[in-house]
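Below: one structure in structure tokens.
Order of writing sets the chain letters: A, B, C and D. Residues in each chain are counted from 1.
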Amino acid sequence: MKLHEYQAKQIFAQNGIKIPKGKLAKSVEEVEAIVREFGKAVLKSQVLVGGRGKAGGIKLVNSVDEAVEKAKELFGKEIKGHLVEKIYVEEQLDIDREMYVGFTLDRANKGIAAIVSSIGGMNIEEIAAKHPDKIARKTINPKWGLWDYQIRELLYESNMPKEYFKEVFGIIKKLYNVMIKYEAELTEINPLVVTKDGEVIAADARLNIDDNALYRHKDLAELKDYTEIDQLERIAEQKGLNYVKLDGNIGVIANGAGMSMATMDLIYLEGGKPANFLDIGGGASAELVKEAMSIILQDKNVKVIFINIFGGITRCDQVAEGLIKALSEMKVGIPIVLRLAGTNEEEGRKMIEEFLKQTKEEIVLVETMEEGAKKAVELAR
Amino acid sequence: MKLHEYQAKQIFAQNGIKIPKGKLAKSVEEVEAIVREFGKAVLKSQVLVGGRGKAGGIKLVNSVDEAVEKAKELFGKEIKGHLVEKIYVEEQLDIDREMYVGFTLDRANKGIAAIVSSIGGMNIEEIAAKHPDKIARKTINPKWGLWDYQIRELLYESNMPKEYFKEVFGIIKKLYNVMIKYEAELTEINPLVVTKDGEVIAADARLNIDDNALYRHKDLAELKDYTEIDQLERIAEQKGLNYVKLDGNIGVIANGAGMSMATMDLIYLEGGKPANFLDIGGGASAELVKEAMSIILQDKNVKVIFINIFGGITRCDQVAEGLIKALSEMKVGIPIVLRLAGTNEEEGRKMIEEFLKQTKEEIVLVETMEEGAKKAVELAR
Amino acid sequence: MAIIIDENTKAVVQGITGYQGSFHTERMLSYGTKIVAGVTPGKAGMEVHGVPVFNTVRDAVEETNANASVIFVPAAFAADAVFEAVDAGIKTIVCITEGIPVHDELKMYWKVKDSNVTLIGPNCPGIISPNKSHLGIMPPQIFMEGNVGIVSRSGTLTYQIAYNLTKLGIGQSTVLGIGGDRIIGSDFIDILERFEKDKETDLVVLIGEIGGTDEEKAAEFIKDMSKPVVGYIAGITAPPGKRMGHAGAIIEGGMGTAESKIKALNEVGVEVGKTPMEVAEIVKKKLKR
Amino acid sequence: MAIIIDENTKAVVQGITGYQGSFHTERMLSYGTKIVAGVTPGKAGMEVHGVPVFNTVRDAVEETNANASVIFVPAAFAADAVFEAVDAGIKTIVCITEGIPVHDELKMYWKVKDSNVTLIGPNCPGIISPNKSHLGIMPPQIFMEGNVGIVSRSGTLTYQIAYNLTKLGIGQSTVLGIGGDRIIGSDFIDILERFEKDKETDLVVLIGEIGGTDEEKAAEFIKDMSKPVVGYIAGITAPPGKRMGHAGAIIEGGMGTAESKIKALNEVGVEVGKTPMEVAEIVKKKLKR
């Protein structure tokens, strides 16, 4: 779960990291009032996507009039597919230098990656590519946590100027505490700004919390911004389905994440385009199959649905039952390619064959997933 | 550093462990006022020594008159060599059952020993000897800390009745947090009481903090009760000397803890009794040697002083200088046996030989520590 | 032979009294797996499908000499269950539980590593050495004893490919899913090392998917393997930044694409099947040589 | 041979710019010890007695290939210094610092254990292999090269006994103080194991003191040793419950008395000298046989 900048900054501040003065606005009027108070300001679109700045989501404003004008531009604007509904209004900083501090899950080394750079502002991959001497990286072993010598190594190896050592040392320590305390997958300050007054301050803030750990962080779970998630994906999540919307026209339902991806890939290999990823998981009930159908049918691009089931724990008869229920309760109107294999395959196929005698919906039963993909692509043309 | 029961209980309470209602009294009048408020009460002498109860330091009182009478008895009483100056007045508990929970440094296994018993009240060695089936012990590895399965194992293995599982589980967890948070060497609840109302409550509290860690726990360091420490030992500590008073009549000064103990042992082997342990440490200055002399001379039992120096970092000439200073500035009046070996031995011996020409004090120079001990025992007779 | 589990495997089921634990215990038992004990705190003395239940893994091991464990406890208690099993002396742990917080998984990883314990999973379908032992939630009837090892990040896809092999008359030595999470106890290399040493295994099928760099690293290891490896990678059509079901199946910062994985495998001589069927056909072709 | 350190030991001094660090660096250098680098954060580029100073141990190791470290940093920073040395690849650490919080010492113990690093100390006088290398604060002139190993919990007492031996013409292979704290990196058994394997060592002197059960455990190990061991135990007259200087020298709960230690050692055939002089005499007698 990604937190908005304004939410992450609040948490940083609670954990002793300095942040600029700022207030959240949900309307042009609120922006106006805040800028009237601050004088000069920065309007920052609160959308959960990287590269907001370059995409025009951040505006410097030097007067109330300018603020109103820019706020009107920003509200309702779409940034990389994300609608701006909230603007975080911040004081302008007198920037002397930009730096970077971040922590992220280190899959390869089974730890926490600590990354520090003595320059910042651009994204970290860019810094790594262009200024390898200004960046330092280290894996923190979860057994022992972060120790002072590691912070010193990060500072020296990133060629951090000595005058910022003490401040940045403290910030690295505090940000690591945030990473651990809130069970984050990633947390980042970019840029970490040194102002002309010599203050070291988090000018931006990223904090992504592990969804699996949210049950231990109820207060954070409440911050989840559902408006940021595709509506269908949100509904699917509530039903316990893994659904990702794509831009093709062949709806996919499969059991297992790998199987679902493989099904999408087969469609692609046959020259078609999958409309989604949808994993009904292991041991799905008839009810869940029905829900899966209903979600896919809400995607108006879908011209054909390919249901690909390999029954292990999942029983093919349950899948058939769910499918029949769905077809009985709603008008589908597009062809369905169905492949059932494994546990109770026979029973499932028989149920479908029976059902086909009494319905006008089109269900094509196939033997293998390869054959099914071929058929689905044909039908989608 | 040992905390008093009332201090430890305050810390327990701050960390979520239930304690009985109680107030500290430093006079009979204060006891009277508190018992007037509480009705029935327990008067508990606050002395830093185990087995207070058996030694008569704890009194149940059922009326204000009784409280006054008992308080008068307790104040000024000596319990195992500790003077009662403070009484902790507590409500009386309606005890249904006594249990035990404790953590201590586990030298042998390099961890934290967790000890739980489903019975309590007597000391833990006694429980272990008499009721081995009611006690469970486990080493907690500092790498991983205490995990829930270990608490469950402790509960099952100590045959803890099921109805107390949940409460005691929580208390074990909280007490471990106290152990770690305050860097304790030992912390213990004995007895952990179940009242007739089913409340689980810490009826006693022990908490010993690692002296070496006190710099990180300034608030605790301030709780140190210097009245509990032998005055000479206190002065020695402030001077940076390791001094332990014993009941013999031969004062001992040596460099190094092992060397000091060996010197004491030699005296004992020759049939004498050491008056103290005193380690001046490595690289002692002349000043420190003088301080060591002055501390030993305050012990009126001392009839002879044996100074045993093996110079490594410590220089024999420095020791000689310190001794000469001491003898010049104060009247010693008892014989000194001096053994100087190692670094600058010659210089040291020469200085002493010169000094002996102009003083009336008796200094016997010996070649070996074995010879020195023999001589000291002779002179003490 | 087979790897990790065989007829000498004696397993404890942690969380045996739960719905999943009980259901799969019955299935594993009926396959012939030696499930010798169950563990659920507070339920000692019970029996589940004839298997005695203990309060702690330590008790279970003392009574039954179990050497393996299958974990079905809820995500919130899974790390504790792994730690408990390790400290009780269990040497092989299969953790089925999904949805475990990743910071817990990091601790699990290092705990088993410190004690030289093999952890399969979490969030995995388990492991089967056909006709010998099955620890997990796989459909055992589709497998057949033989000389092909299968290691996979996916569950159903594994079944599909094993099923295809079985239909072609090709049996398996051991089949296991290493799990779909970002931090797992055993990765491809850990398993490939064992297949390389296993006398019963002549060829290995590696089933990967997008996310992480585990397949790329495996390729480096495969370079020095004596046994042929056939691959499959799912997720060619997966868009970056979107999790495809598994927490680990996500293309992040340009890393972990199917393309890069297929390329790495091809470069060390691994034929990568385009479809599950093609994988089985390549295996057949290779075994004939 | 000798154990732990010899002429191939190349050491870093952590805390070299402090008073103690600088003073003892000079002494170690003048004995011929290879001190190749010093570390003090922020002081890179300096020299101390001709030894180059680095900001981190990692830098020092990269530049000089140091394989050992002597730590003189203040107690509050000692655990961090040990961790830093381990992660920089140092294989032998001698920690002189005294007064380290015991919870820090627990972490130090497991950190070095995890990485198979040898830690001597903390709160120890160091280690000397006469005429080869000296890492610590011992008075090196009293030692003589030879065939007796000395392992001790005490500093000055070690010097006294080594001095007695040297006076009798008996030299030492390696002499080391394992430290006076309750939690130390290497205990008697760790060192006895090495002396047992060391070809240059024919006899071992073990100098113990009250507190803990390290000597009792050592006795169990000595039972199976091929080389003779001679003992000394300080603290016969120490009263229970009082620390005799060293944090570890305390009789607690009836455990760790000199009597129990002497008994344990005697039972496995170790002659325990009553005085430091007697120890040297026993050694002389045993070597003559």
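Going forward, a residue touches a chain if its C-beta (ideal position, glycine included) is under 8 Å from a C-beta of that chain, and two chains touch if they have at least 3 such contacts.
Quantities reported herein were computed from a predicted structural model and do not represent experimental measurements.
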- prompt: Any chains in contact with both chain A and chain B?
  reply: C, D
Between the pairs B-D and B-C, the one where more C-beta pairs touch: B-D
Chain of greatest Cα-centre distance to chain C: B
- prompt: Between chain B and chain D, what's the gap in Å when you average each chain's C-alpha atoms?
  reply: 27
Field: Mean-CA-position distance for chain D and chain A (Å)
entry: 55
Query: Which integer distance in Å separates the CA centroid of chain C from that of chain D?
result: 47
Field: chain B, residues touching no fewer than two other chains
entry: 143-144
Message: By the touch rule stated above, which residues of chain C touch at least two different other chains?
response: 107, 114
- prompt: Which residues of chain C touch chain B in the complex?
  reply: 41-42, 55-59, 77, 80-81, 83-84, 87, 107, 111, 114
Message: Looking at the complex, which residues from chain D come into contact with chain B?
response: 75-76, 99-104, 106-107, 109-110, 114, 125, 137-139, 142, 152-160, 163, 180, 182-183, 207, 209-210, 212-213, 217, 232, 234-239, 242-249, 253-254, 258, 274-277
- prompt: In their complex, what parts of chain B are in touch with chain D?
  reply: 105, 107-108, 110-112, 125, 141-143, 180, 183, 185, 210, 212-213, 215-216, 242, 244, 246, 254-262, 264-269, 274, 277, 279, 282, 310-313, 341-343, 368-370
Query: Considering the complex alone, what residue numbers of chain B touch chain C?
result: 143-144, 147-150, 152-153, 156, 162
